[in-house]
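Several structures are given next for inspection.
In the two assemblies presented below, chain A is common to both, partnered first by chain B and then by chain C.
On to the complex of A and B.
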């Protein structure tokens, strides 16, 4: 009972905060002239972008880059993380570079990518991979590395082979870590997609943003930004749900 | 039975002598001149220990005496630096199918249900599906977890988790059961319940069991013999025949014999603890 009340209250506050945002936005924009489009103007422009198909086309174009980059990051990052965790020598050789690449803002690499790959689809996907792969790889590595010795003991005690150890212990143990990494990877891939589309050649959502700002179409730029935020929040929400599925047994581990 | 014999601890730093070995007295585990050291630090040395079939041997000793290490050596998880372990006459070279261990911190896989945790050992051994489906519920029931097959470890109390740990160890139907301070992470009341349940389960199918514990009461209650480890590096200081027949119940705790043996073990251990305290102080 209490928890449903709580939930209702939380939703109410959530909706209220959106309303307040819209009202404040509307009021502030009234005082700043054409620099900041009003909430209503932004919504109208958003409607146009949807109905003339521009937004849909842009999202499809950006989505392909985003999903391809994220997919490659997962397919490479997860197994690499496991291998790094299990073979300390490989880690010793490469760990520093992994963390260095993780720390560098990808934007500083854009000139090199441009000169190496030009600015086609592959170059953009590479930018996405560079922003998404490291959190995924590092989480998988840290997950696999932190498998408690007592669970490895149990596996050995029952005569587990190395292959069975991976299948029964290391990989299941790493899954929730990997999901957390994936969540960060999604956020990274989103940023990477926008960077790629703004700083290589403008396509998709990046192209919409650039055109809107060069035309002083403040409402258009805000509408696109709003759409990106909504997508980001939705993706985070979905991965949060997946993450929580594993929360229970992770807590059980700390005992 | 042996009460009339009074306190006659059979001091033996040698092999557990078993005169007139009947078939059921067959030695399941033999440790001979066992030594483990970590670098310069020798944990224990000169360990000669025999565990016969249908016998429970308790191992007590001060913290850091290597009780758990000794158990791990018998499970094949740790290697002796010198000496040998044989199980059923075969020299041990790593974990063996007939030996299972119950771990201090349960060692359940948090992502597996109780059912799948209990089935783990059988699945690793490649047991056929029918055998798993028959055996797993049997042991889940035996340890009193019927109805919790689908629960996950984090949903269970410590006592229930260790019940699952015990069921997992029993499900592979071992010849030797190694208990590594199995109840030390469990609250006192539950611990007492589990001690008697373990005895009841063992009485249904008596096998060779080694029981490592910090608790003198527990060592005497569970053990047919109590091995006292002492010294630095530690050695077997004394092996005491408890001489209380099975089945053991709560009443066992109030017998004079229980009291005597407990007192004797207490004296042996406390000398050392007090000496150690003085050294520190």
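On to the complex of A and C.
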């Protein structure tokens, strides 16, 4: 089998699939009237949103929430996960509740946050933290907990202090898990940001989406959804690369 | 949790032993271990001996104490705030019988949960078919990969406003949105599962001149079942989020909508019963699926 041919064929099919989408979209929209804006109309609307600055402002507003929430989740989640893993008493006591909290659909908590905290920046960041922190915390915990005993034993034999044990064994061993957790945390934070921006008062991309939807501006809604999708794919792509870089040797990694 | 060495079918050496998680290259987003199901490559820490050395209290006691402490903390914090806007554990517990006695609660709960079940079934059937096709036919995989991974990565909640334009503020919108949210994880996991068939199986199948449908449904689909189960667990969680999102946004009657309405009228405690019910639904279906996998496919490990 010739692998360069194969790759060329694959990319040809990728391109073809995109062209087919654009053409089918254009044709279908011609038959459905204003409900489904055509491909070209969507692109025109996207151009408008970019040039009048609305999209940029919205992305900045949502991006701040996303980054703050993700940052807090990392700063809290990673060390907490490590602590959980190294102190079996804490794990035994709290693990069940961590998993239980992780299982709550965060979207159902949004009305409580809305009535308890309002809909300012803090409340929105809280929603993002709730969606992002658990995968980060749990991965760090699982990682640190799966440090092979023999590594710890060897470190002990050579007289490692607790600090050295952390710096030389536990943390390096946990990095691949943490990176995977971070990737899942980013995915969670994306969902959290959209939820916060739609259901606490609508700002940023949420505002764009809601306005487009109430005005039956399908071109606008499609354009914003496309942009969100591209951002999501890019973020996951980058974190996938980072994951492969840091976690390539870990077992059971998907592809 | 008993940590025993995981045993798996000899033929599939090198394949993931624990439950497969959703994959498809970089699009894998939620592979976090499911509640109560610590995973990860071979739990290497044998907790037994170390625990005995330290003579610590039993786990159940610690867990109960921590649970009580957490609830007490929540209760005290809520009292300190002294606000009707905050649910309190004691008040939630008091509200349970009253809420359970109202017919509307069950109607709403059923509306939401039924739409999730219906949507997941539709999404699962369609998703399995496309997943199988993507797993078995290279051209199909190449053609759909970019769409599937883009949509899989896109938070479905962001598509809800668009759907209300097309389908209006109706329960059909909820069903379609739910089905779509369930469809994508199923496609991704089924494609992974039907692709990673051990080569020997295919060789044997070819030797016996198996028909295409034998390979697809006899080998590929069977191989994909544990993946499909992981996909279903993910699908149910995502579908529920979407269902609630549609209810919030479009005012479709259901438990999500009634939670929203109750929190607006100082019924935080009553509303929280709804949150608990939905969480129990997600955890319960997930546990059932895991149980089914362990019962019927024990060689896939815990």
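Here is the rule we go by: the second predicted complex is superposed on the first by the 235 of 255 C-alpha atoms of A that agree within 3 Å, B and C clash if a C-alpha of one lies under 4 Å from a C-alpha of the other, contacts with A are read in each partner's own complex, and residues count from 1 in each chain.
Note that in this section a residue touches a chain if its C-beta (ideal position, glycine included) is under 8 Å from a C-beta of that chain, and two chains touch if they have at least 3 such contacts.
Just so we're clear, the structure is a prediction, and the values are computed from it rather than from any experiment.
Of the two partner chains placed around the shared chain by superposition, chain C is the only one that A:112 touches, whereas chain B remains out of contact. Of the two partner chains, chain B is the only one touched by A:153; chain C is not. Touch criterion not met for A:167: it reaches neither chain B nor chain C. Of the two partner chains, chain C is the only one touched by A:181; chain B is not. By the touch criterion defined above, A:240 reaches chain C but does not reach chain B.
Between chain B and chain C, it is C that contacts the larger number of residues in chain A.
Looking at the shared chain after the overlay, A:198 reaches chain C, while chain B stays out of its contact range. Looking at chain A, you'll find residues 250-252, 255 touch chain B in one structure and chain C in the other.
Listed in rising order, the residues of chain A touching chain B in the complex are 150-151, 153-154, 156-160, 164, 168-169, 172-173, 175, 246, 248-253, 255. Taken in their complex, chain A has these residues touching chain C: 9-10, 13-14, 16-18, 20-21, 35-36, 88-89, 92-94, 96-97, 99-100, 102-112, 114-116, 134-135, 138-139, 142-143, 145-149, 177, 180-181, 183-184, 187-188, 190-191, 194-195, 198-199, 205, 209-210, 212-213, 216, 218, 221-222, 224-225, 228-229, 232-233, 236-237, 239-241, 250-252, 254-255.
Across the interface of their complex, chain A is touched by residues 75-77, 95-97, 100-101, 103, 105, 107, 109-111, 120-121, 124-125, 152-155, 158, 172 of chain B. Those residues of chain C whose C-beta lies close enough to touch chain A in the complex are 16-18, 21-33, 35-36, 38-47, 50-51, 56, 59, 62-63, 65-67, 70, 83, 85-87, 139, 142-147, 149-151, 153-155, 157-162, 164-166, 192, 237, 240-241, 244-245, 248-249, 256, 259-260, 262-264, 268, 271-272, 274-275, 278-279, 282-283, 286.
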